[in-house]
Amino acid sequence: MAIDLEYDPHVVTLIEKTRAFTRDYVLPIEDKFVGNVADAGGDTCRVEMQAAAKDAGVFAPHAPVEYGGHGLNMSDRAPVFEEAGYSLFGPIALNLGAPDEGNVHLLAHVASAAQKEQFLAPLAHGDVRSAFAMTEPAPGVGSDPSALMTTATKVDGGWKIDGHKWFITGADGAGFFIVMARTSGKPGDRGGATMFLAPADTPGIRVGRHITTLDKAMIGGHCEVFFEGAFVPDENVLGAVDEGFTYAQVRLGPARMTHVMRWLGAARRGHDIAVAQVAKREGFGSVLGDLGMIQKMVADNEIDIAATRALLVQACWALDQGSKAGNETSIAKTFAAEAIFRIVDRGIQMCGGMGVSDDLPLARLSREVRPFRVYDGPSEVHRWAIAKRAVGAAKRAARDE
Amino acid sequence: MAIDLEYDPHVVTLIEKTRAFTRDYVLPIEDKFVGNVADAGGDTCRVEMQAAAKDAGVFAPHAPVEYGGHGLNMSDRAPVFEEAGYSLFGPIALNLGAPDEGNVHLLAHVASAAQKEQFLAPLAHGDVRSAFAMTEPAPGVGSDPSALMTTATKVDGGWKIDGHKWFITGADGAGFFIVMARTSGKPGDRGGATMFLAPADTPGIRVGRHITTLDKAMIGGHCEVFFEGAFVPDENVLGAVDEGFTYAQVRLGPARMTHVMRWLGAARRGHDIAVAQVAKREGFGSVLGDLGMIQKMVADNEIDIAATRALLVQACWALDQGSKAGNETSIAKTFAAEAIFRIVDRGIQMCGGMGVSDDLPLARLSREVRPFRVYDGPSEVHRWAIAKRAVGAAKRAARDE
Amino acid sequence: MAIDLEYDPHVVTLIEKTRAFTRDYVLPIEDKFVGNVADAGGDTCRVEMQAAAKDAGVFAPHAPVEYGGHGLNMSDRAPVFEEAGYSLFGPIALNLGAPDEGNVHLLAHVASAAQKEQFLAPLAHGDVRSAFAMTEPAPGVGSDPSALMTTATKVDGGWKIDGHKWFITGADGAGFFIVMARTSGKPGDRGGATMFLAPADTPGIRVGRHITTLDKAMIGGHCEVFFEGAFVPDENVLGAVDEGFTYAQVRLGPARMTHVMRWLGAARRGHDIAVAQVAKREGFGSVLGDLGMIQKMVADNEIDIAATRALLVQACWALDQGSKAGNETSIAKTFAAEAIFRIVDRGIQMCGGMGVSDDLPLARLSREVRPFRVYDGPSEVHRWAIAKRAVGAAKRAARDE
Amino acid sequence: MAIDLEYDPHVVTLIEKTRAFTRDYVLPIEDKFVGNVADAGGDTCRVEMQAAAKDAGVFAPHAPVEYGGHGLNMSDRAPVFEEAGYSLFGPIALNLGAPDEGNVHLLAHVASAAQKEQFLAPLAHGDVRSAFAMTEPAPGVGSDPSALMTTATKVDGGWKIDGHKWFITGADGAGFFIVMARTSGKPGDRGGATMFLAPADTPGIRVGRHITTLDKAMIGGHCEVFFEGAFVPDENVLGAVDEGFTYAQVRLGPARMTHVMRWLGAARRGHDIAVAQVAKREGFGSVLGDLGMIQKMVADNEIDIAATRALLVQACWALDQGSKAGNETSIAKTFAAEAIFRIVDRGIQMCGGMGVSDDLPLARLSREVRPFRVYDGPSEVHRWAIAKRAVGAAKRAARDE
């Protein structure tokens, strides 16, 4: 019981193995998809990479040991996920990408034994992919959870789901959905939501178009999904009825942090590439990397990387102590999403024309990381939540005086 | 002779006609190319749009009157080009896109009568496109002009050009090239460059691959171009031998500013779209556009737009007075390239998920404007030049004391 | 009627004379007050400097010609005031400091002939100073004008004023006050305010403490002022009853801009000093001013200066056309207040230990300019106003479709 | 051996006692010195406060237990020093202010037993103050250690020191100096420096003027100190001859971090005051703290505080492991110095007119924290060092390929 920042030797080993696997095996595969990282190579590529990850002993570091994973807590996931994120394809190869990784986390904490067998086990092993069907087009649920419009109506033996979701990551090709639907109340009410487990082949579930976005590397895309009288049996209610947002919290904080871990890895790759370039290119009578304005960008990247990592350590430790860590994860996510974008953007600038071209991966990385300032809560919503806590505490303190 | 910022009525009319033409005619065409703005629709689309622009009386506002243009000076170009830039396809439709517009400017100032007839006339009329072949892969000429490696060797009746250029905008499909080649000295020397006019079908000129970049909307791409013993006759020397960089200055300042004008139009479109979104979308019990954090982004965009426009006015006026305006154009370009990116980036953030998707043009615009912080001199190189002047002046002042 | 940015020769002459007077005569006086610029030397110093300014033909460039000034419009004031602002004592020496300059402007536009004789004439000639008594402690009027609490009650032959003002610049030693007081309605109503001209020796007017602030150079301080049944005769109503905020607008836009002009001069001085330092100091094997990170600061300062000046030109011209120019002046003020602070702050950083010490004027300048981001409307209030206009226009456009 | 961020209970107790002592006892004393924090109340006030701190059991948390302190390592100092820094007078009260705290650290690691008895013991107990005499006026030693000009010449039985130091914090009233002087080589050489322990009453040592700076609260000021043939006996050489810079490293990293800890406390106080203000003040129909632009500032402060603290944790732990932690401490110091300034600056902005006045401590705090971006290595020098490491590693990696 004193400050200790040293990882256990078995974690250190896993970090190193993950680094080697990502750089030696995964990156060359990603590089073959230049100009077309859409879908991260698709499921064929995924299955092949995941088999290799199992052979290398690096598969599913976060999944429970009984489901073939390494059972790492949040603190230990941070450096491992960062290494996997060094390639855009790494998270898929190690089965720790969004949304599957968050769904594994959620199911491990909330699912019944039977649900675990039916849904968690194949997901953890990489036999299927999944999707988390929450977001709806305006005026539906987005940053403001109370706006939920999709309904689940009680019918004999189960529930009938109707609604329109979009930006459902990984929907195309998912084996099942975790669907958030309203079981009581009306849009504007904060409660009344329930989570359902719905196999993708359920009649009345239809995956629509891929919404094309700046980022391309998410397997299964960001899709529209239509629920048209889709029947889900009672045993597929995840947790208790009307408690959906409570469980969403279980997933939310950790999922924010694992996003940060992965994108930090991507940002570091961008930084490494840019530093390697300026360390060898010459101009104005000097190696570029010895020029002050370039040094400033290099240093600012190093600072942003260190601060992101340091905030991750704090937030993950709070989560591991059992806290919801709403403030810690909002702070870390907001800082990280902006820092990660800056890091890659500076990397582009350091590389000039090469930086904006596909001759280096920087332009691609910048497209991939930009949406993170919007996904998982826009920076503005997190700042609002952070400020509400601080100002609210000050209001209470003033009242108590 | 007193400060006056009012445009002449004929300019006001042209601004209004250009606004109407761009929004009513061009934007709908651009919108048909969503997800594939590559090449801005290609030459078929270009020819059709340019015919319509001629009918509308808005074609080639910058070209000399005797070549079918409106003969506007730099000050008057600013608001007209900004309106044309409101669509990514607008500059092509009005024949005022890069690099053709800068080449028209250069030829109008430097070309001989015969050269004007052969090269300027068809270019100004939109009968052909052109390219400016300067940039070379490292360690060749990029930000540092003294690094020029392409050579022009004197032969009987002309010159033989050898070299490798890249990032040559508009090369694919260009009717001719303005080629910068070394006629004396060696890489590292600041002088010794000459400009040549080379028809694209000259034996020994080969257009290579399109370098794929974040921006897609440049007609004719950013290409590699190989000069392999290409013969150019003496009468195709543009200006005097060994004076290439002097003439490049003629093109450089104005070309920087017309880039700013066009991209400012694009940024304003992004801003307008984002403001329209937040003015109608609701969340957190309010119209989004009435929330303080959104208001901050809106206001910062308004400030960035106003400051960019104000710096343009200053720099254009200096150019119109006959100054090279190296400092004014460096300042305006550097500020503008960063401001324009911020404007579009904030627009994305205001629109959330829609902002990063192709359901709105913001994501596309952000890709198009990002490289401007690199093209036409990276911000770092402009800052270096600006500082050199200021510190140099202070050194001289200290010596003179 | 075409863009023209050239000043009339008589303005150019006045700019040059003002530059020479400020640097040769005023700066040496300011420098004697190092460590104690409080009150800018006081009225003895002021009277002496103003006499010299009259001799030099640079006194009161903004005041009407019939009151001994040069009668410059806003556009022409910009470069002249900037030169005067190069010394913190310059605006006082030339009688163009706040709040007197704004009061001259207001009286010239709104006062009756008799009021002009009694109040404007001695103010324009520097025989007296004045103060503008508007701001009140919370919950009174600050950024939100509707909060006005000071009352003026109709009595026989005049009005009785009661209220508590603070941050009243120049109050200590002022010859008269322009007082904003409520003549109808109640706090929360937007109208019902009236302006009164009140000689300082009016019974019932009491100047309280100087509020000590970061800035020190305002003559007469920022004071609390108490109105305790102060009687003002009817003929001292400035303009019409209940129209006080309308007249405040007359003063507001121009006063914002003249603040910018003066502080821009101060910022330029800070920049010049810092550039002179880095142009001569050495470290790390180089003149500091040739190091990239220093060059970045120098260039960013040059950009901020140019953009501030360019926005001033735009806003002043709009004011000269008779527009209230609410948006233009808000944009220019917000950008300028932040840019000016950045310029001085970078200057400090360039000079290191000297920069934070009184061995150079930079630390002093940074204290003087910081409050400008709060005074004359905090940046947040201006941004709110700017955004309201933009979002409001978008709402109306949506309704009209 | 796994991540643990929990403080030992005895540290938690000391944190809480320090918080209570600082807020309940020290802050009221500081508040009595409003408008005149110069010298932090002087030595009379210091002695009184230190006696109280001893009574409260919070004195000298960092000093070795055998010299009356609590013997905390760097990790445990962080939260304790932050609490002490909540008042500008706190560090003096607890005897953990600069430069004494760093000197205690240095002497504890490097001094001989006799030196500890003579110099460390009275310093740790608060019986005397001390100063670290390193910095010289240009062109002497500042950011670049090789520029050291002060010389120590070998004489019989000791050394004769000659030189001119400035910005020597705490010099006025110090009991002894640790002097850095050149014992071999010449300015421009990186080695050849030696540290000497010199009682302040040594003939030939003269404390000159206080250099007035933005910050005022350092007891003993920032002074010029002249060494004019001052004799120091051999036994007062601290460590080995010519190894001065090696020992300086021992002091440097930890001293940077304890600065951050203290200033972070000051920034938090500024933030707390500002949040309390906006939580109670109203305007524009709302509590200010519920307005979006204010919320953004509150949230950005929370993020900056969290990131600073998180980087401190990382750097302190590295120091505790025995690393010099040059990169970690440079990163933490650079980020912290800029973040701390931003925090206080936003606090000012949140409080408007009150913020720039002495009616709240924010203006005072902003003056105190600004120089930290210069002291202990300007941000530019740290960024240069950070980039040198990163680019250097990339160069080596390229060579090794």
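Residue numbering begins at 1 within each chain, and the chains themselves are lettered A, B, C and D in the order written.
Rule of thumb we're sticking to: a residue touches a chain if its C-beta (ideal position, glycine included) is under 8 Å from a C-beta of that chain, and two chains touch if they have at least 3 such contacts.
The chain list, named the UniProt way, goes like this: A, B, C, D = Acyl-CoA dehydrogenase.
These figures come from a predicted structure and were not determined experimentally.
Trainee: Considering C-D alongside A-D, which chain pair is linked by more C-beta pairs in contact?
Mentor: A-D is joined by more C-beta pairs in contact.
Trainee: Approximately how many whole Å separate the CA-defined centres of subunit C (Acyl-CoA dehydrogenase) and subunit D (Acyl-CoA dehydrogenase)?
Mentor: Distance between chain centres: 39 Å.
Trainee: Hey, how far is the Cα centre of subunit B (Acyl-CoA dehydrogenase) from the one of subunit D (Acyl-CoA dehydrogenase), in Å?
Mentor: The separation of the two C-alpha centroids amounts to 51 Å.
Trainee: Going through subunit C (Acyl-CoA dehydrogenase) residue by residue, note those that touch at least 2 other chains and give them in order.
Mentor: 291-296, 380, 383-384
Trainee: For this assembly, give the contact graph shape among line, ring, star, complete and other.
Mentor: complete
Trainee: Would you mind writing out the residues of subunit B (Acyl-CoA dehydrogenase) in touch with subunit D (Acyl-CoA dehydrogenase) in their complex?
Mentor: 291-296
Trainee: Would you mind writing out the residues of subunit C (Acyl-CoA dehydrogenase) in touch with subunit D (Acyl-CoA dehydrogenase) in their complex?
Mentor: 35, 135, 138-139, 142-144, 147, 166-167, 211-215, 222, 281-284, 291, 293-294, 348-349, 352-353, 355-359, 363, 366-367, 370-371, 373-375, 378-380, 383-384
Trainee: Using the touch definition from the top, list the residues of subunit B (Acyl-CoA dehydrogenase) that touch subunit C (Acyl-CoA dehydrogenase) in their complex.
Mentor: Per the touch definition, subunit B (Acyl-CoA dehydrogenase) meets subunit C (Acyl-CoA dehydrogenase) at residues 1-9, 11, 75-76, 272, 275-276, 278-280, 287, 289-290, 292, 294-296, 298-300, 302-303, 306-307, 309-311, 313-314, 316-317, 320, 327-328, 331-332, 334-335, 380, 382-384, 386-388, 390-391, 394-395, 397-398.
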